[in-house]
Each structure stands twice: as structure tokens, then as C-alpha cells.
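Shared between the two complexes below is chain A, which pairs with chain B and chain C, respectively.
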Partner chain A sequence: MKKKTLPFKNIIRKPARTAALTIIVFLMSFTLLGGTLAVMSLQRGLDSLETRLGADIIVIPDTAKSKVNLENIIFQGVPGYFYMDKSYVDKLAQVEGVEKVSAQYYLASLSAGCCSMPVQIIGYDPETDFSVTPWIKKSYGKALGELDIVIGYNVNKDVDSYITLYGLDCKVAAKLEQTGTELDNAVYANVDTVKRLIAAAKDTGINELSKKDPEKIVSSVMIKVEDGYGIDDVAGDINIYVRHVQAYPTRSMISGIADSLSGISGVIRVLIAAVWVFVFVLLCIVFAAMVNERKKEFAIYRVMGMSRAMLASMVLYEGVIISAAGALLGCAVSALGLNMFSTAIENSLNLPFLLPNMGALAICAAVTFVLSVVISAVSSFYAAVKLSRVDPGLILREGN
Partner chain B sequence: MILKAEAVTKKYFRKSSESNFFYAVSETTLELREGSITEITGRSGSGKSTLLNMLAGLLRPSSGRVLLGETDIYSLKDKELSRLRNSSIGVIPQGQTGLDSLTVIENVILPSVLYKVSLNSEERAMELLEKVGIAQLAHSYPKELSGGELRRLAIARALINSPAVLLADEPTGDLDDENTKLVLELLRNFADDGVSVLLVTHEAEAEKYADVVYRMNAGKPDQIKGRPG
Partner chain C sequence: MKRNNKFELTLGIIMTVLSVLLFVGILTFFAPCGPKEDGSFMKCHEMGQAVMWTACAMTLFSGVSMFVPGMIKLVCSVVTVLLSAAAAVLPNVMTTCMSEKMQCNAVTKPLVMVIACLVAVVAVAKIAVVLKNRKKNGEA
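What follows is the complex of A and B.
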């Protein structure tokens, strides 16, 4: 028997007490890490969405349906499509302050026999594109060939496999990095591929497409504003001078989400603070009660010759072991849980949700772990020091 | 080594009575001699345990001194006093004092490992457990022991570091006649080996084993047997 084994024996031989304390610390670290990661993931998802959209202004046909469809595509993950005349691309390029324009084409595949799955197909023009290509280049270094597609992170297909879209077999050339947004469910292709798909879709008799010539339509125009011009000013000019289209600064589209995000983040932060205050008070009460319950035991240690400092360090040691176990468990469960359910959370919140990278996650987990251990160790140490200042003789007298 | 109380008192404050304090132990001077048993008897609440706790360094007196040899134990810092108690003063507290997390032998060994790693502490613990008659229970836990066995555990534990002084608070409380006799004989044997034993008890039988007997009355011990200490 060695002195240093005493805290372990006390922990092991009192499983109910150990379990109760471990669960409290588990809850503390679980809520802190889970809440912090949720807030960070929402913020990162929003940043990711803004970056992935990649344009200062998005121009779409001036109909209520187009706006709803675009928001559905971006924020709800509901495949959709809308079209306007291709001539708008040149008109928009003439607007003062517009540096670059690039057209995009939207097409929704079906869950019918012609298609492997219902996905949002986004076509871009490699000659002019500045918003999609940089992302595709990260995953696929070459130019996409005809009927080559790049799929979003959540599309359940492997690279080099095939997806049938409107009866055409399209080869998966690459898979994009995760963005935590609904764009993870989209499929990207170059304009030639999309035109072939639109033509093939026309053959299936999709209403809107049946009246249009794929060579003469686009869905949206992405605009990069020249340095020195205000994005809102350029968008305003477009709305005044170019008829039948509507220009939306990307940031304003996202600001609605940012407001929701800010509200949700605020609620989560308040909840974290409330849980921590509650758990801290609970820990102080629990440790005080535990030390009180053990006061005769502590008096016996003192009778044997244990000094106050020795007793306090034994209780501290016990507290650190228990809280380290609880904090480790809490951090692991919250990190794994968020990782496993991030898509479900994204769907239920209808907000972009992208977990922080491993480095940031490890730092958050380490800070949570240290904070949880320190707070519970301090609570137990404080209770033990307070009791150790009482003469053991008084405790023994009380106990009898 | 002689343990001596010099004019010690213990005063407690209370708000509910007319005078705002009372003496649990009035001014008391007594000495525990090597190789003898000093018994303190008296009614409940007469201050017996309070006096024992002051002698053990567990309860600071309101006035007076407690000397172990030449050392005033309450002039020591907590760390020094704790170490002194560990090495020189064995205490058998009142009631059941087995530590539930430890086996019987671990309970007995614990005081010997607090300040040093003793190579033969397990051997010494087994020897003591044999002396007190519970060696067969060495690997049991306190919850599995009877009241008499627990008292014997406390005696063995108090003696593990071969203290010069053994202070026993009601070591025979709640024990049957057979166990009472066994415990008193054990204490007598240890005194005969040179240990100074203080026995605080209600037990009438104990007087036969004691060299000096005090009766505590309202916080003041009166000697009723033996040479004055």
C-alpha cells in the first residue's frame, strides 16, 4: 500500500459517488464544447456559403418565383430552375462598376427513371467563371470535359463513378470539399454539359424547358464589382437600368441568415452561460455535501497524522481524476455527436453548418477540458480546505 | 516519553444561555507515565473525550499546554504536529473508524506510509492483527467486520508506528463482555511493553486494568486510584 494509491482506492470503492461527480463534470464539458462548436460551426457555415457563392452580386429574372427558387436552391437544398434570355449577360457587363460577369445555368434532376437521384445541377462557363472554378480547382486540377461533373460533398457517389441525368451518363470527376451548406448537395458541370442536359431534359417534356432554346438562355449572372465601386450602388444601378432582372448583393441575401444565426448563437451562448453557472453552483453544493459526508473519514485521516495540506491535496487529487474523466467523456461525446449529426442539425436549423477544422476543434476541446477540470478541482479543494481548518477533535465529538 | 497536560482548559461559547460560555474541561494538570494505563471515567458530557482530544493534538486548548517530552505540541505548525502525532501518538477514536475504501490490512498500514515508505509495514501490520486476533480478516473490508473486530482494527492501526503514547476513547463501547475483556487485556499488554496508555471509558471493568484512575466531574478530573500524576 502506497500513499499515492489512496485517492484511486477512494474513487474505485465509492462507485456511486464517483459516477455522480463524473456525470456533473460530463454535463459541464459537454454543454460548453457542444455549444461552442455549434456557434463556431454556424459562423463557419455562413462564411463558407458567402465564399462559395463567390460573387458580389447575383442577378436573376425579375419574378417572385425566381427569387424563391434561388433561395430554395441555396438555403433549403430544394432543386429548382429558372431562366432568362442570354442577352442580359452582355447588358449587365455594360453597367458601370461591373468588372466581371459570368452566367450560370440551373437544372433540377428528377427522382424519375431518367435520373439516378434528384440533385441541383449548376452549370458554369469556364471561359468567364470566377466563382465556381477556384473551388473545383482545389479538388480537380484539369478542365472538366463534356459530361464530366463535379459533385458536392454530400452527394453520395464516388469519384470515377457515373450518375445518370436525363438519360445521360455523367462521370464524377471530383468531389468538392465540405461547405456545410446546401451547395454540398449540388452537382457542377461546364456549360456544354449543362446545355446537353437541358436539351435532354427538354426531351423529357419539362414544361418550362420545352419552350426554350438551351443556346439562348441562362439562369443567373454572377457579377464581380470593380474596385472603387460600391456593391449596393452597382446592384441599384442594375435594378434601375436593366429591366426584367433583379440584382441581389450576395451579402444582403446572406444577411437574413446572419440575423437568424446571430439570434441562435446568442441563445446558445446564454444557455452555455446558464448551464455553467448552474453546474458551478451545483458542483460547489455537491462537493460541500460530499466533504461534509466524509468529514468523519477526514477526521480519521487527521487522527492518523495526515496534515491539513496532505488531506487537501488528496481531495484535490481525487477531484482532478474524477473531473478529468468526466471532462474527457464530455468533450469526446460532444465532438463525436456534432460530427455525426452535423447534417441533421443543418437540416433542422436550415442554416449552413460547418464544423471547425481539427486544429480548432482540438484547441476548443483542450480549453474545455482544462476549464472543467480546474473548476471542479477548485470546488473540491475549497470544500476540503474549509473543512480541514476545523479541529478534528470537534468533528469526532460531533460524530458521537 | 511522558505526555503531560499543564493547566489545560477548554472553553466553548454558546449564545443560548445566560453566561455566554462554559468549560468542557476546567483547569487540569495530569501526566501519562510510560508503561502504565491511566483511566478517565465519568458521565457522558463530563469532558473526558475533550481532554483526550486535547492530549492527542486534535483540539487546541483554550489555555494551558500539552507537552510531549519537552515539546509543547500546540506550539508546532500543523505539518509538524501531524507528523509528531503520526510517529508518537496513537489514537483510537470513539465509534467505528474503519475506512471503508481500504481493506483491514490497508487500514492498519496507512499511518505507516503517510510520511515514509516502510519496507516492513505489511509484516508489522500482520503481526499486530495477529496480536489483536483478526489476522484472518486482513483482506476483508470494514463493512464485513463486527463492532468488536472494528475496535481491534482501530487498536492495531493506532499501534502500527509503535507510538510512545496510546490514547483510547471508549475502546470497549458497545462491546460484549468477552470482547471488552479482550480489548482491555490487549491495552494492558501494550502498557506492559512500555507504552503510556490513556483509557477514556464508562466501563467499570477497566479499573482493574488501570494503574491510575480519574473520575471526571463537570470538566474536572479527580484522582480516585493510584499515585498522583
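What follows is the complex of A and C.
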């Protein structure tokens, strides 16, 4: 009797039992890795949104519609636009505590040359910008030319291809890194390109633009606060001293998302804990039942000369092999599934969602694998110890 | 019914159910993007049609493979493997919509790949079982 091959033979000989145990461990590792990665992705998406917004304060025209539009653009991915007079840029620069100001221009395309899906166009001024340029520099080292655009990660176009916006063919100069936010669906252009696009949009008869001169309008002003000044204080001063605009600290804008995120993360953590407790209890019961069912088989092994320790280690070995297979499968399906369906998850949650990088993912998968195997081993250990104490003679006589 | 034949039949049923799921799904709950406001189709429409017809053929061949004998059963299973591989590749080689957030890229593409790969795996398993049974029965 080959001791090493015996656990494998036992596993293969009972495919239904093996499959049932594998599925239980699969569920355990799937929920742990899936849940952990989901929580990490939500947190990473929020961090990425905060970093990508870049500014301490965003100033927009003082209408309810502007705020809803801005939140829609940033959080919901609904393209929109709103405008205010360009003179506000200089007024805001004079407010105490303001270090840098840079204007941005928003425009929603009607068609992007492929589908009827509108695309959010965000224009920035390369001379003053401090929020978009650092991101663009990572993907494109040069300055953007006229009708050159940089596309967000989710815009399905290749570099050097063209997108038609308001009848103008714009060249895709670069594609930005993924942020897991709605800003991945936007198109970025410099101020000259955006002014040409606004003029072209005006020609198409968009009501909002028909009375406005593209040279005299901006959509929002991004503000960086000087060191030593409080962001909320500066935003408060702007709201008091500059009329017809509203200043929003970016942190306060994403606090709503942070609340939803903490709620969802809490629910996921509770669910993971519940599944693990349930699966641990279930595994203990299953291993105990399995040992009970195989009592005669084990008694025969004992009669054939197998020691108690050998028998216990065989049961443990069987448990470890099955749980390793289940854990490996659970980790693989979980990681692959999250990767494939991350956009669908982001769409359904309506929250920023950015998967961890490969290193973090591999560490999480390894920890999940080890934990799942250890939990299964602990569950089978009790059954193995109980089994080693049974008298084989008594068991074999029971049948007669 | 012998145990091996039972297993072969089970694999055939799983294969057919998954093919039907792909066929029904691409027409309903994971269909690609709907038509534009002007009634014309989006770019992913052709991909959806190609997957739909491939899934239709997969359903036919996997269904037939359960009822035909010997060599034809093997041929049907091999054709199902090829068709499912094609279905898995189609969303990646055919044009889809511009934004990764749209239904065709976010939902249709991954689901088609997952289901088609599952059909391929089950079909390969079925081929292995059929070959094993033929060898056991002394068929060439």
C-alpha cells in the first residue's frame, strides 16, 4: 500500500464527495477574495478621484443646475456643460489664500463618430493648469496641438486615430491611465481646441451656446489654496465676496461618495465574516460526517497495519488537497471575474471602482489561498483526531 | 443506462443548456447596445448578430450530439468546440462601441466570453468521454 498516493486515490474514487467539498472551499475563497478586492477597489477608486480632481476648490456658476451638472459629470458620467463669464478667473485669483487658478471648459458632444453616446469634453488651459496636465504628462510628454485630444481610459479608440466632434476631426494624441472614475470616459483638449469645438457646437445650434462668445466664457475654475490657509475658509470667502459663483471644496464633494462607500464596505465585510463562519461550521460537520461514513474503511486500514498517526495524517492530507484545489479555483474565478466585470460593477454601483494593481492582487490571492487551506485543515483535523481514537475491532464487529 | 453514457448525456445537456443561455442572453438580458435615437444601429450590433448566429449553431450541434451515434456525435462535439471558440473571440475581433462603459463592452463582451469558454470546456470533456467509451467498446 503506497501511503503517498492513497489520499489522491480516495479523492478520485469519490468524485461527488470531492466535488461537494471543493465547492464549499471554493465559495469560501471566492467570497473572501472577491469581497476584499471589491472593498479595496472602491477605496482605490475614491482615492483616485480625489487625486484626479487635483484642485482644492472647484468654482462653478451660482445656479442649482450647475452643481447638478458638475456632480453628474464627475460622479455619474452624464456629459453636460455650463458657462460663466471669464472675468471671474481674475476675481478669484485676487481672493486671499488662493495660490493658483485655472479655468476649465466643459462641452458635451452630440455624437462621437461611432455611436450616439455623448462624450464629455473637458478643456484646460496648459499655461495655468495644475490638475489635468500632471496626468496627461504621464501618457503624453509633448504639448497638445490644435484639434489634438487626450482620451480617458474607457474611450475605446486607439492613439493616432480620429474622433469626429461637432464635425471636426480630432486626433487622439494619447490615452490616460485608468482612474476607475467617470473621468475615464471624458475627452481632454487644450483651450484652443475647446474654443473651436464650442464655436462648432454653436454652429449646430445648441441653445446654451448660441448667445455666448467662446472667447469670453469658462465653465469652472480650479483653485489651489496657499499653504497656511484653510480650504473651507477660502471657499467660504469666495462664496461671500465673489457674487454669482459657488465654491465647493473637492473633499466635501466626495464626502457623499465616501459615506456610501463606507456603508457598502461595511456590508461586504459583514457578509464575508458570515460566509466564513457558516463555511467553517459546515466544513466541520461535513468532515465529521465523512469520517463517520468511512469508519469501516478506516478500521480496515488500521487492521492492515496503518498507525493512528498515519490514518489521521491521511485524512488531513485529503482535506488539504481538496481545499487547495477549491481555494485555487475560488481565487482564480474571483480575480478573473472582477477583472472582466469591473466596468459592469462600477456601472451598477455608480461609485468609483479601480482594481488594485497586480502585486496587491497577487498578495490578496495568496493570503486568501493560505487562509482557506488552513481553515479547511483545522476543520478536518478535529475529525482526524476523533478518528484516531476509535477502536478498529469494535467498528468491524458493529456490522455483524 | 451505463454510468459512462449517463455522464456523456449529462455533459451534452450542460453543453446545450449553456448554448441556449448564450443564444437567449444575447437577444435579451446581455444584448449589446440598443439602437440610436434615429433608429440606426450602433457599431456593436453586428457583433451581437454574429454571436447570436454562432450561439444558434452551437445549440443545434450540441443538441444533436446527444441523440446521434458514434462518429457523428464526435464530429458534432468538435464543431461545438470550434463554434464556442469563435463565439469567445468574436467580441474581441469585431468592432464594439467607443466607451468601455457601454452595455456591449461592460456586460455583453465578458458574459459571451465566459459562457462560450464554459461550453468549449464542457465540449472538450465530452469529446474525451466519447473517445474513452469508443475505445472501451472497441470502436476505431
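As a working rule, the second predicted complex is superposed on the first by the 391 of 400 C-alpha atoms of A that agree within 3 Å, B and C clash if a C-alpha of one lies under 4 Å from a C-alpha of the other, contacts with A are read in each partner's own complex, and residues count from 1 in each chain.
Note that a contact is a pair of C-beta atoms (placed from the backbone, for glycine too) under 8 Å apart; a residue touches a chain by one contact, two chains touch by 3 or more.
If you're wondering where the values come from, they're calculated on a predicted model, not measured in any experiment.
*Asks:* Touching A:14, do we find chain B (first), chain C (second), both, or neither?
*Replies:* first
*Asks:* For A:285, is the partner it touches chain B (first), chain C (second), both, or none of the two (neither)?
*Replies:* A:285 sits against neither chain B nor chain C.
*Asks:* Does the superposition put A:159 against chain B (first), chain C (second), both, or neither?
*Replies:* A:159 contacts neither chain B nor chain C.
*Asks:* So which one touches more of the residues on chain A, chain B or chain C?
*Replies:* More residues of chain A are touched by B.
*Asks:* Touching A:393, do we find chain B (first), chain C (second), both, or neither?
*Replies:* The answer is first: A:393 touches chain B but not chain C.
*Asks:* Kindly classify A:307 by the partners it touches after superposition: chain B alone (first), chain C alone (second), both, or neither?
*Replies:* After superposition on chain A, A:307 lies in contact with chain B alone.
*Asks:* Figure out whether A:6 sits in contact with chain B (first) or chain C (second), or with both, or with neither.
*Replies:* first
*Asks:* Going by the contact rule set out at the top, does A:362 touch chain B (first), chain C (second), both, or neither?
*Replies:* The answer is neither, since A:362 touches no partner chain.
*Asks:* For a test of understanding, state which residues of chain A touch chain C in their complex under the given definition.
*Replies:* 77, 112-117, 119, 153-157, 163, 184-185, 340-341, 343-344, 346-347
*Asks:* Per the contact definition, I'd like the list of chain B residues that touch chain A in the complex.
*Replies:* 49-50, 53-54, 56, 58-60, 78-79, 82-87, 91, 93-95, 97, 99-102, 105-106, 109-111, 113-115, 117, 121-122, 157, 161, 169
*Asks:* Taking the complex as given, what residues does chain A use to touch chain B?
*Replies:* 1-3, 6, 9-10, 12-14, 296-297, 299-300, 302-310, 391-394, 396-397, 399-400
*Asks:* So in the complex, which bits of chain C are touching chain A?
*Replies:* Per the stated touch rule, the residues are 33, 36-38, 42-43, 96-102, 105-107, 110, 113-114.
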